[in-house]
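Working notes, beginning with the structure itself.
Per-chain residue numbering starts at 1, and chain names A, B, C and D are given in the order in which the chains are listed.
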Amino acid sequence: MDDMLIWGRRILASQPFSVLLGAELVSFAEDRAELRIPIKAELMQQHGFVHGGVISYAADNALTYAGGGVLGPGVVTSEFKINYVRPAKGELIVARAAVIHAGKNQAVCRCDVYVSSDGSESLCATAQGTIVRLGQPPETQK
Amino acid sequence: MDDMLIWGRRILASQPFSVLLGAELVSFAEDRAELRIPIKAELMQQHGFVHGGVISYAADNALTYAGGGVLGPGVVTSEFKINYVRPAKGELIVARAAVIHAGKNQAVCRCDVYVSSDGSESLCATAQGTIVRLGQPPETQK
Amino acid sequence: MDDMLIWGRRILASQPFSVLLGAELVSFAEDRAELRIPIKAELMQQHGFVHGGVISYAADNALTYAGGGVLGPGVVTSEFKINYVRPAKGELIVARAAVIHAGKNQAVCRCDVYVSSDGSESLCATAQGTIVRLGQPPETQK
Amino acid sequence: MDDMLIWGRRILASQPFSVLLGAELVSFAEDRAELRIPIKAELMQQHGFVHGGVISYAADNALTYAGGGVLGPGVVTSEFKINYVRPAKGELIVARAAVIHAGKNQAVCRCDVYVSSDGSESLCATAQGTIVRLGQPPETQK
(Lines give C-alpha, C1' and ligand atoms only; values in the text may rest on other atoms or scores of the structure.)
Protein backbone atom coordinates (compact mmCIF):
# COMPACT_ATOMS: atom_id res chain seq x y z
CA MET A 1 0.00 0.00 0.00
CA ASP A 2 1.51 3.32 -0.99
CA ASP A 3 2.17 6.25 1.35
CA MET A 4 -0.71 8.39 0.12
CA LEU A 5 -3.27 5.68 0.73
CA ILE A 6 -1.84 5.05 4.21
CA TRP A 7 -1.98 8.77 4.97
CA GLY A 8 -5.52 9.04 3.60
CA ARG A 9 -6.75 6.07 5.60
CA ARG A 10 -5.25 7.46 8.78
CA ILE A 11 -7.23 10.69 8.29
CA LEU A 12 -10.43 8.78 7.55
CA ALA A 13 -9.95 6.66 10.67
CA SER A 14 -9.62 9.87 12.71
CA GLN A 15 -13.03 11.16 11.55
CA PRO A 16 -15.59 9.70 13.96
CA PHE A 17 -18.42 10.42 11.50
CA SER A 18 -16.68 8.49 8.72
CA VAL A 19 -16.15 5.60 11.14
CA LEU A 20 -19.84 5.75 12.12
CA LEU A 21 -20.83 5.42 8.46
CA GLY A 22 -18.27 2.70 7.78
CA ALA A 23 -16.49 4.57 4.97
CA GLU A 24 -13.37 3.03 3.45
CA LEU A 25 -10.75 4.74 1.31
CA VAL A 26 -10.03 2.34 -1.54
CA SER A 27 -7.65 4.36 -3.66
CA PHE A 28 -5.99 7.73 -3.37
CA ALA A 29 -3.69 9.20 -6.00
CA GLU A 30 -2.49 12.73 -6.69
CA ASP A 31 -5.69 13.88 -8.33
CA ARG A 32 -8.28 11.24 -7.59
CA ALA A 33 -9.79 9.22 -4.79
CA GLU A 34 -12.28 6.42 -4.34
CA LEU A 35 -14.36 6.01 -1.23
CA ARG A 36 -16.65 3.07 -0.48
CA ILE A 37 -19.42 2.57 2.04
CA PRO A 38 -20.88 -0.90 2.61
CA ILE A 39 -24.64 -0.46 2.79
CA LYS A 40 -26.20 -1.38 6.12
CA ALA A 41 -29.61 -0.91 7.72
CA GLU A 42 -28.70 2.26 9.63
CA LEU A 43 -27.88 4.13 6.41
CA MET A 44 -31.37 3.86 4.96
CA GLN A 45 -34.31 6.21 4.55
CA GLN A 46 -37.93 5.15 5.02
CA HIS A 47 -38.35 3.36 1.67
CA GLY A 48 -35.40 1.00 1.93
CA PHE A 49 -33.02 3.09 -0.14
CA VAL A 50 -29.74 4.56 1.04
CA HIS A 51 -30.41 7.98 2.56
CA GLY A 52 -29.39 10.94 0.41
CA GLY A 53 -27.29 12.16 3.32
CA VAL A 54 -25.03 9.12 2.97
CA ILE A 55 -24.64 9.73 -0.76
CA SER A 56 -23.81 13.40 -0.26
CA TYR A 57 -21.38 12.55 2.55
CA ALA A 58 -19.60 10.14 0.20
CA ALA A 59 -19.46 12.71 -2.60
CA ASP A 60 -18.29 15.50 -0.30
CA ASN A 61 -15.58 13.44 1.37
CA ALA A 62 -14.30 11.97 -1.91
CA LEU A 63 -14.15 15.50 -3.35
CA THR A 64 -12.07 16.60 -0.35
CA TYR A 65 -9.67 13.70 -0.84
CA ALA A 66 -9.26 14.40 -4.55
CA GLY A 67 -8.55 18.06 -3.81
CA GLY A 68 -6.26 17.19 -0.91
CA GLY A 69 -4.31 14.85 -3.14
CA VAL A 70 -3.21 17.77 -5.27
CA LEU A 71 -3.24 20.62 -2.69
CA GLY A 72 -1.72 18.72 0.21
CA PRO A 73 -2.97 18.25 3.78
CA GLY A 74 -5.14 20.83 5.49
CA VAL A 75 -7.93 21.22 2.96
CA VAL A 76 -11.70 21.39 3.27
CA THR A 77 -14.68 21.40 0.97
CA SER A 78 -15.71 25.02 0.55
CA GLU A 79 -18.87 24.23 -1.43
CA PHE A 80 -20.36 21.54 -3.60
CA LYS A 81 -23.44 20.75 -5.61
CA ILE A 82 -24.99 17.33 -6.04
CA ASN A 83 -27.62 15.89 -8.35
CA TYR A 84 -29.26 12.66 -7.24
CA VAL A 85 -30.17 10.65 -10.30
CA ARG A 86 -31.36 7.26 -9.02
CA PRO A 87 -32.40 5.74 -5.67
CA ALA A 88 -29.57 3.65 -4.28
CA LYS A 89 -30.22 0.02 -3.42
CA GLY A 90 -27.52 -2.61 -3.27
CA GLU A 91 -24.47 -3.64 -1.27
CA LEU A 92 -22.02 -0.82 -1.71
CA ILE A 93 -21.79 2.92 -2.31
CA VAL A 94 -18.78 3.84 -4.46
CA ALA A 95 -17.72 7.48 -4.79
CA ARG A 96 -15.06 8.34 -7.37
CA ALA A 97 -13.72 11.88 -7.39
CA ALA A 98 -11.19 13.57 -9.63
CA VAL A 99 -9.61 17.00 -9.90
CA ILE A 100 -10.83 19.05 -12.87
CA HIS A 101 -8.62 22.07 -12.26
CA ALA A 102 -6.19 22.95 -9.50
CA GLY A 103 -4.77 26.34 -8.64
CA LYS A 104 -2.42 27.17 -5.80
CA ASN A 105 -5.04 27.36 -3.08
CA GLN A 106 -8.10 25.67 -4.46
CA ALA A 107 -9.16 22.80 -6.67
CA VAL A 108 -12.39 22.24 -8.55
CA CYS A 109 -13.32 18.57 -8.43
CA ARG A 110 -16.02 16.24 -9.65
CA CYS A 111 -17.40 13.07 -8.14
CA ASP A 112 -19.63 10.33 -9.50
CA VAL A 113 -21.36 8.17 -6.91
CA TYR A 114 -22.42 4.65 -7.84
CA VAL A 115 -24.34 1.95 -6.10
CA SER A 116 -23.01 -1.53 -6.61
CA SER A 117 -25.56 -4.32 -6.62
CA ASP A 118 -24.82 -7.94 -7.53
CA GLY A 119 -21.52 -6.84 -8.96
CA SER A 120 -22.89 -4.23 -11.36
CA GLU A 121 -22.64 -0.49 -10.77
CA SER A 122 -25.29 2.18 -11.42
CA LEU A 123 -24.76 5.91 -11.14
CA CYS A 124 -26.85 7.31 -8.30
CA ALA A 125 -25.50 10.86 -8.00
CA THR A 126 -23.00 13.28 -9.45
CA ALA A 127 -21.34 16.20 -7.69
CA GLN A 128 -19.05 19.14 -8.37
CA GLY A 129 -17.30 21.28 -5.79
CA THR A 130 -14.45 23.47 -4.63
CA ILE A 131 -11.75 22.29 -2.23
CA VAL A 132 -9.70 24.99 -0.53
CA ARG A 133 -6.49 25.03 1.43
CA LEU A 134 -7.00 26.00 5.04
CA GLY A 135 -5.27 29.16 6.22
CA GLN A 136 -5.61 31.51 3.26
CA PRO A 137 -9.34 31.30 2.56
CA PRO A 138 -10.25 29.30 5.65
CA GLU A 139 -14.01 29.62 5.85
CA THR A 140 -14.67 26.08 7.02
CA GLN A 141 -13.14 22.87 8.23
CA LYS A 142 -14.24 19.31 7.94
CA MET B 1 -48.52 19.52 18.49
CA ASP B 2 -50.15 20.04 15.10
CA ASP B 3 -50.84 17.31 12.53
CA MET B 4 -48.06 18.35 10.16
CA LEU B 5 -45.42 18.14 12.85
CA ILE B 6 -46.71 14.74 13.96
CA TRP B 7 -46.66 13.52 10.37
CA GLY B 8 -43.17 14.94 9.82
CA ARG B 9 -41.80 13.36 12.98
CA ARG B 10 -43.24 9.99 12.03
CA ILE B 11 -41.36 10.13 8.72
CA LEU B 12 -38.13 11.19 10.42
CA ALA B 13 -38.47 8.35 12.92
CA SER B 14 -38.83 5.92 10.01
CA GLN B 15 -35.49 6.98 8.49
CA PRO B 16 -32.82 4.85 10.15
CA PHE B 17 -30.09 7.27 9.03
CA SER B 18 -31.86 10.23 10.67
CA VAL B 19 -32.22 8.18 13.85
CA LEU B 20 -28.52 7.27 13.70
CA LEU B 21 -27.64 10.97 13.55
CA GLY B 22 -30.13 11.92 16.24
CA ALA B 23 -32.06 14.43 14.09
CA GLU B 24 -35.18 16.05 15.51
CA LEU B 25 -37.91 17.89 13.64
CA VAL B 26 -38.65 20.99 15.70
CA SER B 27 -41.14 22.77 13.49
CA PHE B 28 -42.89 22.03 10.22
CA ALA B 29 -45.30 24.38 8.50
CA GLU B 30 -46.60 24.61 4.97
CA ASP B 31 -43.49 26.17 3.52
CA ARG B 32 -40.80 25.84 6.15
CA ALA B 33 -39.16 23.36 8.47
CA GLU B 34 -36.59 23.32 11.23
CA LEU B 35 -34.41 20.34 11.96
CA ARG B 36 -32.02 20.02 14.90
CA ILE B 37 -29.16 17.66 15.62
CA PRO B 38 -27.59 17.56 19.08
CA ILE B 39 -23.83 17.43 18.56
CA LYS B 40 -22.15 14.30 19.85
CA ALA B 41 -18.71 12.75 19.47
CA GLU B 42 -19.64 10.43 16.59
CA LEU B 43 -20.60 13.36 14.35
CA MET B 44 -17.15 14.93 14.33
CA GLN B 45 -14.30 15.12 11.86
CA GLN B 46 -10.64 14.89 12.86
CA HIS B 47 -10.28 18.45 14.22
CA GLY B 48 -13.14 18.40 16.69
CA PHE B 49 -15.66 20.13 14.42
CA VAL B 50 -18.93 18.68 13.22
CA HIS B 51 -18.31 16.76 10.00
CA GLY B 52 -19.49 18.50 6.82
CA GLY B 53 -21.52 15.39 6.04
CA VAL B 54 -23.70 16.07 9.07
CA ILE B 55 -24.23 19.68 8.01
CA SER B 56 -25.14 18.69 4.46
CA TYR B 57 -27.47 15.94 5.73
CA ALA B 58 -29.25 18.54 7.88
CA ALA B 59 -29.54 20.98 4.98
CA ASP B 60 -30.71 18.32 2.53
CA ASN B 61 -33.31 16.86 4.87
CA ALA B 62 -34.64 20.26 5.97
CA LEU B 63 -34.93 21.24 2.29
CA THR B 64 -36.95 18.08 1.62
CA TYR B 65 -39.30 18.87 4.51
CA ALA B 66 -39.83 22.45 3.38
CA GLY B 67 -40.62 21.25 -0.14
CA GLY B 68 -42.79 18.42 1.14
CA GLY B 69 -44.74 20.87 3.24
CA VAL B 70 -45.97 22.59 0.12
CA LEU B 71 -45.94 19.69 -2.39
CA GLY B 72 -47.32 17.00 -0.08
CA PRO B 73 -45.96 13.56 0.78
CA GLY B 74 -43.80 11.59 -1.63
CA VAL B 75 -41.10 14.12 -2.42
CA VAL B 76 -37.34 13.88 -2.68
CA THR B 77 -34.43 16.25 -3.06
CA SER B 78 -33.50 16.23 -6.72
CA GLU B 79 -30.41 18.38 -6.29
CA PHE B 80 -28.89 20.89 -3.93
CA LYS B 81 -25.86 23.08 -3.48
CA ILE B 82 -24.23 23.97 -0.19
CA ASN B 83 -21.63 26.52 0.87
CA TYR B 84 -19.89 25.85 4.16
CA VAL B 85 -18.99 29.17 5.75
CA ARG B 86 -17.68 28.37 9.22
CA PRO B 87 -16.50 25.26 11.12
CA ALA B 88 -19.23 24.05 13.45
CA LYS B 89 -18.46 23.69 17.15
CA GLY B 90 -21.10 23.80 19.85
CA GLU B 91 -24.05 21.87 21.21
CA LEU B 92 -26.59 21.87 18.44
CA ILE B 93 -26.94 21.99 14.67
CA VAL B 94 -30.04 23.94 13.58
CA ALA B 95 -31.20 23.77 9.95
CA ARG B 96 -33.96 26.16 8.87
CA ALA B 97 -35.39 25.70 5.39
CA ALA B 98 -38.04 27.65 3.50
CA VAL B 99 -39.71 27.44 0.11
CA ILE B 100 -38.64 30.15 -2.32
CA HIS B 101 -40.91 29.14 -5.17
CA ALA B 102 -43.27 26.21 -5.64
CA GLY B 103 -44.76 24.91 -8.86
CA LYS B 104 -47.04 21.90 -9.23
CA ASN B 105 -44.34 19.26 -9.18
CA GLN B 106 -41.28 20.92 -7.77
CA ALA B 107 -40.21 23.50 -5.22
CA VAL B 108 -37.03 25.53 -5.00
CA CYS B 109 -35.99 25.89 -1.37
CA ARG B 110 -33.27 27.46 0.71
CA CYS B 111 -31.76 26.38 3.99
CA ASP B 112 -29.51 28.13 6.49
CA VAL B 113 -27.63 25.89 8.90
CA TYR B 114 -26.52 27.29 12.25
CA VAL B 115 -24.46 25.94 15.07
CA SER B 116 -25.72 26.85 18.51
CA SER B 117 -23.09 27.29 21.19
CA ASP B 118 -23.77 28.62 24.69
CA GLY B 119 -27.14 29.84 23.51
CA SER B 120 -25.91 31.91 20.58
CA GLU B 121 -26.24 30.84 16.96
CA SER B 122 -23.70 31.22 14.16
CA LEU B 123 -24.31 30.46 10.51
CA CYS B 124 -22.18 27.52 9.40
CA ALA B 125 -23.62 26.74 5.96
CA THR B 126 -26.22 27.81 3.46
CA ALA B 127 -27.89 25.66 0.84
CA GLN B 128 -30.29 25.90 -2.10
CA GLY B 129 -32.01 23.03 -3.86
CA THR B 130 -34.88 21.53 -5.80
CA ILE B 131 -37.47 19.24 -4.25
CA VAL B 132 -39.55 17.15 -6.65
CA ARG B 133 -42.68 15.13 -6.33
CA LEU B 134 -42.09 11.42 -6.85
CA GLY B 135 -43.87 9.79 -9.76
CA GLN B 136 -43.66 12.42 -12.48
CA PRO B 137 -39.98 13.18 -12.49
CA PRO B 138 -38.89 10.37 -10.17
CA GLU B 139 -35.12 10.33 -10.51
CA THR B 140 -34.39 9.64 -6.88
CA GLN B 141 -35.83 8.85 -3.50
CA LYS B 142 -34.74 9.64 -0.05
CA MET C 1 -25.23 59.69 -5.41
CA ASP C 2 -22.81 58.14 -2.94
CA ASP C 3 -19.22 57.18 -3.70
CA MET C 4 -19.83 53.46 -3.76
CA LEU C 5 -22.54 53.75 -6.38
CA ILE C 6 -20.35 56.03 -8.49
CA TRP C 7 -17.47 53.56 -8.21
CA GLY C 8 -19.77 50.63 -9.05
CA ARG C 9 -21.25 52.36 -12.06
CA ARG C 10 -17.82 53.23 -13.39
CA ILE C 11 -16.87 49.54 -13.29
CA LEU C 12 -20.11 48.50 -14.97
CA ALA C 13 -19.57 51.08 -17.71
CA SER C 14 -16.10 49.61 -18.29
CA GLN C 15 -17.51 46.12 -18.96
CA PRO C 16 -18.38 46.01 -22.67
CA PHE C 17 -20.64 42.97 -22.12
CA SER C 18 -22.66 44.79 -19.46
CA VAL C 19 -23.01 47.74 -21.81
CA LEU C 20 -24.13 45.41 -24.60
CA LEU C 21 -26.87 44.03 -22.35
CA GLY C 22 -27.85 47.46 -21.06
CA ALA C 23 -27.29 46.65 -17.38
CA GLU C 24 -27.69 49.44 -14.82
CA LEU C 25 -26.47 49.50 -11.23
CA VAL C 26 -29.34 50.92 -9.22
CA SER C 27 -28.01 50.59 -5.69
CA PHE C 28 -24.75 49.45 -4.12
CA ALA C 29 -24.13 49.31 -0.40
CA GLU C 30 -21.55 47.51 1.72
CA ASP C 31 -23.23 44.15 1.52
CA ARG C 32 -25.86 44.39 -1.18
CA ALA C 33 -26.39 45.49 -4.75
CA GLU C 34 -29.22 45.84 -7.22
CA LEU C 35 -28.76 45.54 -10.94
CA ARG C 36 -31.44 46.19 -13.57
CA ILE C 37 -31.70 45.30 -17.22
CA PRO C 38 -34.42 46.86 -19.37
CA ILE C 39 -35.84 44.04 -21.50
CA LYS C 40 -35.38 44.48 -25.23
CA ALA C 41 -35.80 42.25 -28.28
CA GLU C 42 -32.16 41.18 -28.47
CA LEU C 43 -32.27 39.61 -25.00
CA MET C 44 -34.94 37.05 -25.87
CA GLN C 45 -34.99 33.34 -26.58
CA GLN C 46 -37.19 31.74 -29.22
CA HIS C 47 -40.48 31.84 -27.26
CA GLY C 48 -40.51 35.55 -26.43
CA PHE C 49 -39.11 35.19 -22.92
CA VAL C 50 -35.87 36.70 -21.67
CA HIS C 51 -33.03 34.27 -22.38
CA GLY C 52 -31.72 32.38 -19.35
CA GLY C 53 -28.27 33.69 -20.17
CA VAL C 54 -29.44 37.23 -19.41
CA ILE C 55 -30.91 36.12 -16.10
CA SER C 56 -27.76 34.28 -15.09
CA TYR C 57 -25.60 37.23 -16.17
CA ALA C 58 -27.70 39.50 -13.93
CA ALA C 59 -27.44 37.10 -10.99
CA ASP C 60 -23.71 36.55 -11.44
CA ASN C 61 -22.87 40.23 -11.77
CA ALA C 62 -25.09 41.28 -8.86
CA LEU C 63 -23.42 38.57 -6.73
CA THR C 64 -20.01 39.97 -7.66
CA TYR C 65 -21.09 43.49 -6.67
CA ALA C 66 -22.49 42.34 -3.34
CA GLY C 67 -19.26 40.48 -2.58
CA GLY C 68 -17.12 43.36 -3.82
CA GLY C 69 -19.02 45.72 -1.56
CA VAL C 70 -17.69 43.90 1.47
CA LEU C 71 -14.36 42.57 0.15
CA GLY C 72 -13.30 45.66 -1.78
CA PRO C 73 -12.20 46.04 -5.41
CA GLY C 74 -10.55 43.22 -7.33
CA VAL C 75 -13.05 40.43 -6.79
CA VAL C 76 -14.57 37.83 -9.09
CA THR C 77 -17.28 35.23 -8.94
CA SER C 78 -15.56 31.93 -8.26
CA GLU C 79 -18.71 29.85 -8.65
CA PHE C 80 -22.45 30.13 -8.47
CA LYS C 81 -25.60 28.09 -8.79
CA ILE C 82 -28.89 29.29 -10.19
CA ASN C 83 -32.42 27.90 -10.19
CA TYR C 84 -34.77 29.31 -12.81
CA VAL C 85 -38.27 29.31 -11.40
CA ARG C 86 -40.41 31.16 -13.93
CA PRO C 87 -40.10 32.35 -17.55
CA ALA C 88 -39.37 36.08 -17.63
CA LYS C 89 -41.67 38.36 -19.58
CA GLY C 90 -42.07 42.06 -18.83
CA GLU C 91 -40.19 45.32 -19.00
CA LEU C 92 -37.33 44.95 -16.57
CA ILE C 93 -35.02 42.37 -15.01
CA VAL C 94 -34.15 43.21 -11.40
CA ALA C 95 -31.36 41.33 -9.62
CA ARG C 96 -30.95 41.89 -5.88
CA ALA C 97 -27.92 40.34 -4.22
CA ALA C 98 -26.82 40.31 -0.59
CA VAL C 99 -23.87 38.94 1.37
CA ILE C 100 -24.73 35.94 3.54
CA HIS C 101 -21.29 35.50 5.07
CA ALA C 102 -17.99 37.24 4.47
CA GLY C 103 -14.54 36.07 5.45
CA LYS C 104 -11.26 37.84 4.71
CA ASN C 105 -10.88 36.60 1.17
CA GLN C 106 -14.24 35.34 0.13
CA ALA C 107 -17.93 36.06 0.54
CA VAL C 108 -20.92 33.79 0.09
CA CYS C 109 -23.79 35.72 -1.46
CA ARG C 110 -27.33 35.19 -2.61
CA CYS C 111 -29.30 36.81 -5.38
CA ASP C 112 -32.99 36.87 -6.26
CA VAL C 113 -33.84 37.85 -9.81
CA TYR C 114 -37.25 39.33 -10.56
CA VAL C 115 -39.01 40.31 -13.70
CA SER C 116 -41.03 43.51 -13.44
CA SER C 117 -44.16 43.69 -15.55
CA ASP C 118 -46.75 46.45 -15.35
CA GLY C 119 -45.23 47.56 -12.07
CA SER C 120 -45.45 44.22 -10.28
CA GLU C 121 -42.47 41.97 -9.66
CA SER C 122 -42.28 38.17 -9.95
CA LEU C 123 -39.35 36.03 -8.93
CA CYS C 124 -37.83 34.36 -11.99
CA ALA C 125 -34.60 32.91 -10.56
CA THR C 126 -32.58 32.57 -7.40
CA ALA C 127 -28.83 32.12 -7.12
CA GLN C 128 -26.11 31.46 -4.57
CA GLY C 129 -22.39 31.81 -5.08
CA THR C 130 -18.89 32.54 -3.86
CA ILE C 131 -17.06 35.79 -4.53
CA VAL C 132 -13.30 35.74 -4.05
CA ARG C 133 -10.64 38.37 -3.80
CA LEU C 134 -8.20 38.29 -6.69
CA GLY C 135 -4.59 37.57 -5.88
CA GLN C 136 -4.84 34.96 -3.15
CA PRO C 137 -7.14 32.40 -4.74
CA PRO C 138 -7.25 33.98 -8.18
CA GLU C 139 -8.73 31.26 -10.37
CA THR C 140 -10.76 33.57 -12.57
CA GLN C 141 -11.56 37.14 -13.44
CA LYS C 142 -14.65 38.77 -14.68
CA MET D 1 -25.09 18.08 -42.16
CA ASP D 2 -27.38 15.78 -40.24
CA ASP D 3 -30.98 16.55 -39.26
CA MET D 4 -30.25 17.11 -35.58
CA LEU D 5 -27.63 19.72 -36.30
CA ILE D 6 -29.94 21.47 -38.77
CA TRP D 7 -32.74 21.43 -36.18
CA GLY D 8 -30.41 22.68 -33.45
CA ARG D 9 -29.06 25.51 -35.58
CA ARG D 10 -32.55 26.62 -36.50
CA ILE D 11 -33.39 26.94 -32.79
CA LEU D 12 -30.18 28.84 -32.07
CA ALA D 13 -30.88 31.21 -34.97
CA SER D 14 -34.32 31.89 -33.46
CA GLN D 15 -32.84 33.02 -30.13
CA PRO D 16 -32.08 36.73 -30.49
CA PHE D 17 -29.73 36.63 -27.48
CA SER D 18 -27.68 33.81 -29.00
CA VAL D 19 -27.48 35.78 -32.25
CA LEU D 20 -26.38 38.87 -30.30
CA LEU D 21 -23.53 36.89 -28.75
CA GLY D 22 -22.60 35.21 -32.02
CA ALA D 23 -23.03 31.64 -30.73
CA GLU D 24 -22.63 28.77 -33.21
CA LEU D 25 -23.75 25.17 -32.79
CA VAL D 26 -20.86 23.07 -34.03
CA SER D 27 -22.08 19.58 -33.23
CA PHE D 28 -25.25 18.07 -31.82
CA ALA D 29 -25.76 14.38 -31.20
CA GLU D 30 -28.21 12.43 -29.08
CA ASP D 31 -26.45 13.10 -25.81
CA ARG D 32 -23.93 15.81 -26.47
CA ALA D 33 -23.53 19.24 -28.01
CA GLU D 34 -20.78 21.70 -28.76
CA LEU D 35 -21.34 25.43 -28.89
CA ARG D 36 -18.76 28.01 -29.94
CA ILE D 37 -18.59 31.75 -29.52
CA PRO D 38 -15.97 33.76 -31.41
CA ILE D 39 -14.55 36.27 -28.94
CA LYS D 40 -15.14 39.90 -29.81
CA ALA D 41 -14.75 43.20 -27.98
CA GLU D 42 -18.38 43.45 -26.81
CA LEU D 43 -18.10 40.19 -24.85
CA MET D 44 -15.39 41.44 -22.52
CA GLN D 45 -15.26 42.61 -18.93
CA GLN D 46 -13.11 45.48 -17.72
CA HIS D 47 -9.77 43.62 -17.68
CA GLY D 48 -9.80 42.35 -21.25
CA PHE D 49 -11.10 38.88 -20.41
CA VAL D 50 -14.33 37.36 -21.65
CA HIS D 51 -17.12 38.28 -19.25
CA GLY D 52 -18.29 35.47 -16.97
CA GLY D 53 -21.80 36.04 -18.26
CA VAL D 54 -20.70 34.89 -21.71
CA ILE D 55 -19.10 31.77 -20.26
CA SER D 56 -22.18 30.91 -18.21
CA TYR D 57 -24.46 31.57 -21.21
CA ALA D 58 -22.36 29.12 -23.24
CA ALA D 59 -22.45 26.49 -20.49
CA ASP D 60 -26.17 26.91 -19.89
CA ASN D 61 -27.13 26.76 -23.55
CA ALA D 62 -24.85 23.80 -24.30
CA LEU D 63 -26.38 21.97 -21.30
CA THR D 64 -29.86 22.63 -22.71
CA TYR D 65 -28.84 21.24 -26.10
CA ALA D 66 -27.31 18.11 -24.59
CA GLY D 67 -30.46 17.51 -22.55
CA GLY D 68 -32.71 18.33 -25.50
CA GLY D 69 -30.82 15.85 -27.64
CA VAL D 70 -31.98 13.03 -25.40
CA LEU D 71 -35.33 14.41 -24.15
CA GLY D 72 -36.52 15.92 -27.42
CA PRO D 73 -37.75 19.44 -28.22
CA GLY D 74 -39.38 21.64 -25.60
CA VAL D 75 -36.78 21.53 -22.85
CA VAL D 76 -35.28 24.18 -20.60
CA THR D 77 -32.50 24.41 -18.07
CA SER D 78 -34.09 24.11 -14.67
CA GLU D 79 -30.91 24.84 -12.74
CA PHE D 80 -27.17 24.72 -13.12
CA LYS D 81 -23.98 25.38 -11.23
CA ILE D 82 -20.77 26.70 -12.69
CA ASN D 83 -17.21 26.98 -11.42
CA TYR D 84 -14.97 29.46 -13.21
CA VAL D 85 -11.42 28.16 -13.15
CA ARG D 86 -9.40 30.50 -15.34
CA PRO D 87 -9.87 33.92 -16.97
CA ALA D 88 -10.70 33.51 -20.65
CA LYS D 89 -8.51 35.22 -23.23
CA GLY D 90 -8.19 34.06 -26.81
CA GLU D 91 -10.16 33.75 -30.02
CA LEU D 92 -12.92 31.30 -29.26
CA ILE D 93 -15.12 30.03 -26.43
CA VAL D 94 -15.89 26.32 -26.80
CA ALA D 95 -18.60 24.71 -24.63
CA ARG D 96 -18.90 20.92 -24.71
CA ALA D 97 -21.84 19.39 -22.88
CA ALA D 98 -22.85 15.77 -22.37
CA VAL D 99 -25.69 13.92 -20.67
CA ILE D 100 -24.69 12.15 -17.46
CA HIS D 101 -28.06 10.59 -16.73
CA ALA D 102 -31.42 10.88 -18.43
CA GLY D 103 -34.84 9.96 -17.05
CA LYS D 104 -38.16 10.39 -18.79
CA ASN D 105 -38.63 14.05 -17.99
CA GLN D 106 -35.25 15.33 -16.98
CA ALA D 107 -31.57 14.93 -17.75
CA VAL D 108 -28.54 15.74 -15.63
CA CYS D 109 -25.77 17.12 -17.82
CA ARG D 110 -22.26 18.40 -17.55
CA CYS D 111 -20.41 21.01 -19.57
CA ASP D 112 -16.77 21.97 -19.85
CA VAL D 113 -16.04 25.40 -21.27
CA TYR D 114 -12.69 26.05 -22.93
CA VAL D 115 -11.04 29.09 -24.37
CA SER D 116 -9.11 28.48 -27.54
CA SER D 117 -6.05 30.64 -28.10
CA ASP D 118 -3.53 30.15 -30.90
CA GLY D 119 -4.98 26.73 -31.54
CA SER D 120 -4.61 25.38 -28.01
CA GLU D 121 -7.52 24.97 -25.61
CA SER D 122 -7.61 25.72 -21.86
CA LEU D 123 -10.45 24.91 -19.53
CA CYS D 124 -12.02 28.10 -18.20
CA ALA D 125 -15.16 26.78 -16.50
CA THR D 126 -17.09 23.63 -15.70
CA ALA D 127 -20.81 23.32 -15.11
CA GLN D 128 -23.44 20.79 -14.06
CA GLY D 129 -27.18 21.15 -14.36
CA THR D 130 -30.65 19.75 -14.83
CA ILE D 131 -32.59 19.98 -18.08
CA VAL D 132 -36.35 19.39 -17.86
CA ARG D 133 -39.05 18.75 -20.38
CA LEU D 134 -41.58 21.56 -20.57
CA GLY D 135 -45.16 20.74 -19.66
CA GLN D 136 -44.77 18.30 -16.78
CA PRO D 137 -42.45 20.15 -14.46
CA PRO D 138 -42.55 23.45 -16.37
CA GLU D 139 -41.05 25.98 -13.99
CA THR D 140 -39.13 27.93 -16.59
CA GLN D 141 -38.45 28.45 -20.25
CA LYS D 142 -35.46 29.61 -22.08
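For this structure, a couple of remarks:
In the analysis below, a residue touches a chain if its C-beta (ideal position, glycine included) is under 8 Å from a C-beta of that chain, and two chains touch if they have at least 3 such contacts.
Bear in mind the structure is a predicted one, so any value in this text is a computation, not a measurement.
Here B-C and A-B are compared, and the pair linked by more C-beta contacts is A-B. With chains reduced to the mean position of their C-alpha atoms, the one farthest from chain B is D. Spacing of chain B relative to chain D, judged by their CA centroids, is 32 angstrom. For this pair, chain A with chain B, the centres built from the Cα atoms lie 20 Å apart. Measuring from the averaged C-alpha position of chain B to that of chain C gives a distance of 28 Å. Chain contacts: chain A has residues 78-79, 81, 83, 85-86, 103, 108, 130, 139 touching two or more partner chains. Every residue of chain B that touches chain A in the complex is listed here, in rising order: 11, 14-21, 41-47, 49, 51-54, 56-57, 60-61, 64, 76-87, 124-125, 139-142.
Against chain C, the residues of chain B that register as touching in their complex are 81, 83, 85-86, 100-101, 103, 108, 110, 112, 123, 126-128, 130.
Per the touch definition, chain B reaches chain D in the complex via residues 78-79, 81, 103-106, 108, 130, 132, 136-139.
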